[in-house]
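First subunit A sits with subunit B, and in the next complex the same chain sits with subunit C.
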Partner chain A sequence: MTDKESPQVEGTTREPDSLEQHFPGILTPDEREGFDGYLVAPDKLTEFATRLRDEFGYDYLSSVTGVDYLPDEVMEVVYHAYRIEGGPALVFKTQVPRADPVVPSLVGVWPGADFQEREAWDLLGIRFTGHPNLRRILMWEGFEGHPLRKDWHEAYFEEDAKPFANRWPEGDVYRIEDKIPFGKNVQYPSEFTPEGWIPEGDEGLYAGLGQISNDGDGSSLKTDQLVVNLGPQHPSTHGVFRMVVTLDGETVTDLKPVMGYLHRNHEKIGERNTYIMNMPYTDRLDYLSSMSNNFGYALAVEKLMDIQPPERAEYIRVIMAELTRIVSHLWAIGFLLNDLGAFFTPALYAINERELILDVFEAVSGSRMMCNYFRFGGLARDLPPGTLQTIRELIFERLPRRVDELDIYLTENEIVRSRCIGVGVLSPEKAVAFSAAGPVLRASGIPYDVRRAEPYGIYDRFDFEVAVRYGGDVYDRYLVRLQEIRESIRIVQQAVDDIPEGEIQTGKPIFQVRVPAGEAYGRVENPKGELGFYVVSNGKPNPWRYHIRAPSFINLTALAEMCKGHKVADVVAILGSIDIILGEVDR
Partner chain B sequence: MYGVGLVKGMGVTIKHFVNTYVDDLRWFGRRYYNPEAFAVRQSPQAQGIFTVQYPEEKLIMPEEFRYIPFLIYDELEDGTRQDRCTSCGICAKVCPPQCIWIVRSDDPETGRPIPEPSEFFIDIDICMNCGLCSEYCPFEAIRMDHDYEISTYDRFSENIYNKEKLDKPASFYAAVRPLNYAIDEAAIAEKVAKKAAKEAARKQRQAEKDRKTDE
Partner chain C sequence: MSEELSNNDNPVPEGLQGQIAITSLDKIYNWSRRSSIWPMMFGLACCAIEMIATAASRYDLARFGMEVLRASPRQADLMIVSGTVTKKMIPIIVRLYNQMPEPKYVLAMGACASGGGPFKEGYNVVSGVDKFVPVDVYIPGCPPTPQALLHGLIKMQEKIDGQSVLEVPWYRSEPIDEIPQPLLGPDLIDPRDIPDFAEKLKAQEERLAAERE
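This part shows the complex of A and B:
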């Protein structure tokens, strides 16, 4: 595995030796079996990162996460940095003692690290010194412990790894509520009483907001700063999501997103599960695009297992992933119009077409949304008879017409234009710095698409354009999505024409796959942006670490930047244009 | 000119509005509650709104549609039921939310396990309908159902399905999922043939051995 990957690393850094020579004493190659990249001393991390960005062009920090190596008493922080021109990742890690994990924050170098470092602090307890606002992000303030640590157990804890022993052969059926009744199923810190609790987390939240003062100097009125909470229960937020905004009149001066209301610690569940069990769970991340979620996870585990799916499976994968993109973008466009106040008529026109694609998914995988269709080294089953014909009818006849209709319907509409053009502008530099991905990044003039930058599957065989726009506003994000639907249609047209007959699974389907020890990062261009799965295996049936780089979550880092200076009503439109899915934001 | 985009957009809305009536005329007013029209209304040829008048109209489930699993038993000629399940436990091991509980049967005399379950529970509150149990079952014994109308008044007493509730005859399976049933039957036939061939080979070898010893 290491041998196979090393030419890629050569490609990124030109000569790997030179990188080590550039950073003598700072950098050592990660020589663990199946691992990749470099180890950096924590005290030299900021220096290394700054020079990596400025001298070597790694300007895009994709993923930051921690791994708890409990047996070694080590806490590791893993960074994946990319060049925005394309190419594979540069992976670097820093190791700190588990008892006192302190790592310098890289928010100053890559502002996109902001939420990800907060997540690592929240779930793993890694302290990032110099982080401007290191508070919990998914759990509530006052929560005891850091749940992703290997020695942390939840209230309904049964065992460290599935399958649980009491299911078979002596099935001991009981409801967990009977064993741990309601009221005793939550752990509080010893001095904590739920009744007497004042949410001090919000104090910290409000204190972190930018302050304005305008006492009125004679030329203008004296105004007070107003803090408004949009959400968590708010129809514009597409779920349970909260934005705290400070207002000067009606103009937004600062904004902080608050999330985690839907948090279920997907990653902890994933580390309890066996590899195959995680597949249906990935459906529930971005539940509008379950097929592409499957794709990313399958890629990561296939990298670890070093297997390739057969040709036919590769084609079906691409067809399904692109249909998913059409579904997701139709939904995003429809609901952007909802957010602008065009209540449900445009949304339903879009959903109308989506429904037909979901019928295809249902026929193929058995479920409209929770598809669970990909397997390691192939697919769950072949396309049922007649499905390819339905896809052809959709993709050659109906959908191109309907997308044109949507275009006529919305693009030139004066209300849409005046609400969207120039609103929520994100400059290209800021978009890269904030690690924005997907349509948000491409609407800001950065033609970065994982399908092109680092082709996976068989995407290098298809002829398609990377949709790009240069205004960086809400309107351009809409246009990028519309263009991407067209490009996806083009890809599926090519794929259904070329699809070969044959097997759809490499080897026999096995329910307990053997995954060699090592790490892998599988990333795909999800409709929302780059979706990455960082999986660490220690050779056991369950992954040691299972991390998700969630595009909706990380795209929110740039939300405050986009909203500043706009009106409250525009915040809703801007959020709609990022197109978040709370299942993925909160995980 | 300002407003042209708006007018064009309204044109699309009007087209959508009229389309439904045009479609209704095409079916001579029998657009609803008509299986033939319904099939077109749910296909890529659909025109106008395609609302399903549930529960009078119901979507046709594709073969692969999966909901709560069921267990299959074969009806033998003498009328007894024979479970296909051998309580090997693979479904319980692969189940992502761990909602399957199986009690393996033991021979009362020898105490050794015999291949049939004495109890089989699925907590359908927890079941996520992923279908992995049916996918990896080596004995074609657990398959996914099409019945999605399973709401109950009491989740505590009614939502843990026991073996009695899960058991369905093979004929039911053939009715719900005919294509999958055919595939399974072929697989079973192949297994039986293989077993018979093995048995025959063993017997032949035995016979040869006997003959040799006789000589």
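This part shows the complex of A and C:
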């Protein structure tokens, strides 16, 4: 373990207040009602971003997304940048005409923008000039249209906003299947004929992965490079994820992740739903941590509505979010061992403890996995009698012992050590540049945790440490998770001791919330990393834009970097150590 | 075992009871198949987590002889479609199904696999895996609890119990056709629709127009 310090960023003394003076003519404050941040002219974007990073210390680009303002004929790209030592976001936007949206790519400034820009191209049709590989990422190459555009309608389209008229009591109930040609969820351009049509295939994907051969110079073997597909159906990919790797012998020389096999159009559906309808959908993002997904979304909408949940609800929220973290990390550790070849036995130990926590979730919310427990300004219901006692027993008695047990079995285990130490190293500079988050970032020596950097809820009241390790390898990611389980146990212990009696909801629980126009970005430290919800409201009952900054998705940007030079078997371990959940990667 | 299998029409002589059983071919054939169903290790979405939980110690799939999850379709008897079926994934699911040897079964786990579920309206979502592969058992729920999955698997076993060697398609002389693999074009294309595509489209539109009248 090297005891490297986190990289020092220079020139972080100047405050954003003075930002406008530093960029005369480039920067204008965003003065729309309820909006925040700055507008930057597209042609000045790269210059602005570079200086923002180098002179002002905004070295961490958290989120990039597009918003389609159809009525204004404007396409906007929204960036959220942070300083890695903490503090609030700097939001800046650039606006381009909707008919031909072209924006300079920021991959050169923040490599973490790579996948997010590809996503904006795929779903919104914004072209990023200078992007090294601007191809579709969630849909397939050849798909017709950019689905998140407001005027793009899918085959099953009924109306712009829910609830649909035909679902009202006096409505004429019908099945949409009966109203469209083919009766399936498909539509084709009018002149399309499938005869003679040639599928795009994977050529574009394999391009650049060329099969170069190494002729050997007498001292080394003559080798050929070989392209191998892992997934989407592969026991190690934790779902339907695909990796295309080029191998020289058994050594990985390049890797391209391919995703979208579980793209379920969360954002398109979310923009049609009313606000509260999205709560159960957030459960299905990172389906191992539904409670903390709820937390992020509730925070974003509460920011817009400017309300606060009552004390008791705040405590219950923290308890549930931390129990979720324990569940998720237990699962991650169990399945990392799976990936190392210890098939299923260690995972069984982890799942066993998880089940006990799921019992708590089931008691409070009625569901083991899809809890749908948070509401704007509170919670769906109070804790049932006896639950606190169950949590106490778990958190004071059972779990600490079980975590120690895992620690004893695994941490010093020779195989674990030899398979994990020094494998998949991500340097601190790279981790920040690639916008890695969560345990991946902290294992690389950056003590960045949203709960500390920009506390939300009541996290500022608890005594806990931000787990950090400095090796940046698979082993350190495992250790960070183990430590975080312990810290979460500590937080829950404090919370169950201090929890007050009282209300769990501000005001009456209402289904049709009024959300004033504006934008909000709610972010939480999810088990996988920073989960952000970017919500734009135009005062109507459903969000105009609903974007999710998914940590699993963005953490994958660094996957190729971590895998190069390692063996195929290590790729599996490295992927396991990033701990992705496909529901969140593909959304 | 012998009690379960014995055929009461042909009583086993005393003294041999507990050692031999007289039974029909169907019964022993089905009994052995349904007691060792090997599911494919194949998770799609959230429901897969509940499937794994079912295989773990608390719910213990091994009690039904099903704990041998195979990663290769060629060694599997049962495909548990555990999650949302997307257009991008369905060609691969169909290919996996085609690669499984007969006899093979499909179990649609959860709302998504059965009919699209909460994401049905999505532009990349197939409304149920049964649009492409035949499904034997549907399990409702989002996600179905492990108990519900077990119930579905028991139903699956009951279905196997009712089959007869004389009638099952995989012992007939004619080959079983593969399911054509869907294509990814401007949208998902079902190859079964391709012959006379334009005419079909036109006929459908005319039918819908007539209905609207």
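Throughout what follows, the second predicted complex is superposed on the first by the 535 of 587 C-alpha atoms of A that agree within 3 Å, B and C clash if a C-alpha of one lies under 4 Å from a C-alpha of the other, contacts with A are read in each partner's own complex, and residues count from 1 in each chain.
Definition applied: a contact is a pair of C-beta atoms (placed from the backbone, for glycine too) under 8 Å apart; a residue touches a chain by one contact, two chains touch by 3 or more.
All values reported here derive from a predicted model rather than from experimental measurement.
Chemist: Quick check for you: in the superposed arrangement, does A:156 touch first (subunit B), second (subunit C), both or neither?
Modeler: It touches subunit C, and subunit B stays clear.
Chemist: With both complexes overlaid on chain A, does A:405 touch subunit B (first), subunit C (second), both or neither?
Modeler: Touch partner of A:405: subunit B, not subunit C.
Chemist: In the overlaid three-chain picture, which partner chain does A:51 touch, first (subunit B) or second (subunit C), both, or neither?
Modeler: Neither partner.
Chemist: If you stack the two complexes on chain A, which partner ends up touching A:265: first (subunit B), second (subunit C), both, or neither?
Modeler: A:265 sits against subunit C, while subunit B stays out of touch.
Chemist: Return first, second, both or neither, reflecting whether A:127 touches subunit B, subunit C, both chains, or no partner chain.
Modeler: So A:127 meets neither subunit B nor subunit C here.
Chemist: Mind working out whether A:287 is in touch with subunit B, subunit C, both or neither, as first, second, both or neither?
Modeler: A:287: touches subunit C, not subunit B.
Chemist: What is the contact status of A:370 with respect to subunit B (first) and subunit C (second): first, second, both, or neither?
Modeler: A:370: touches subunit B and subunit C.
Chemist: Applying the document's definition of touch, where does A:352 land relative to subunit B and subunit C: first, second, both, or neither?
Modeler: both
Chemist: On the A-aligned overlay, A:135 touches which partner chain: subunit B = first, subunit C = second, or both, or neither?
Modeler: neither
Chemist: Pick out the shared contact residues on subunit A: the ones touching subunit B in one complex and subunit C in the other.
Modeler: After superposing on chain A, subunit A residues 280-281, 352, 355, 370 contact both subunit B and subunit C.
Chemist: Could you pull out which subunit C residues touch subunit A in their complex?
Modeler: The contact residues of subunit C facing subunit A are 41-46, 48-50, 52-53, 56-58, 71, 73, 83-84, 86-89, 92, 96, 116, 118-127, 131, 142-143, 145, 183-190, 193-194, 197-198, 200-201, 204-205, 208, 211.
Chemist: Hey, which residues of subunit A end up touching subunit B in the complex?
Modeler: Touching subunit B: residues 162-164, 166-173, 175, 273-274, 276-281, 345, 349, 352, 355-356, 359, 362-367, 370, 372, 380-381, 384, 390, 393-394, 397-398, 405, 408-417, 509, 511-512 of subunit A.
Chemist: Hey, which residues of subunit B end up touching subunit A in the complex?
Modeler: Checking each residue of subunit B against subunit A gives 2-6, 8-9, 11-13, 16, 42-46, 49-50, 62-66, 87, 89-90, 92-96, 98, 100-104, 113, 119-121, 123, 128-132, 135-136, 144, 156, 160, 179.
Chemist: Going by the contact rule set out above, which residues of subunit A touch subunit C in the complex?
Modeler: For this pair, the touching residues of subunit A are 138-140, 142-144, 147, 154-158, 176-189, 192-195, 197, 199-200, 232-235, 239-240, 260-266, 268-269, 272, 280-281, 284, 287-288, 347-348, 351-352, 354-355, 368-370, 582-583.
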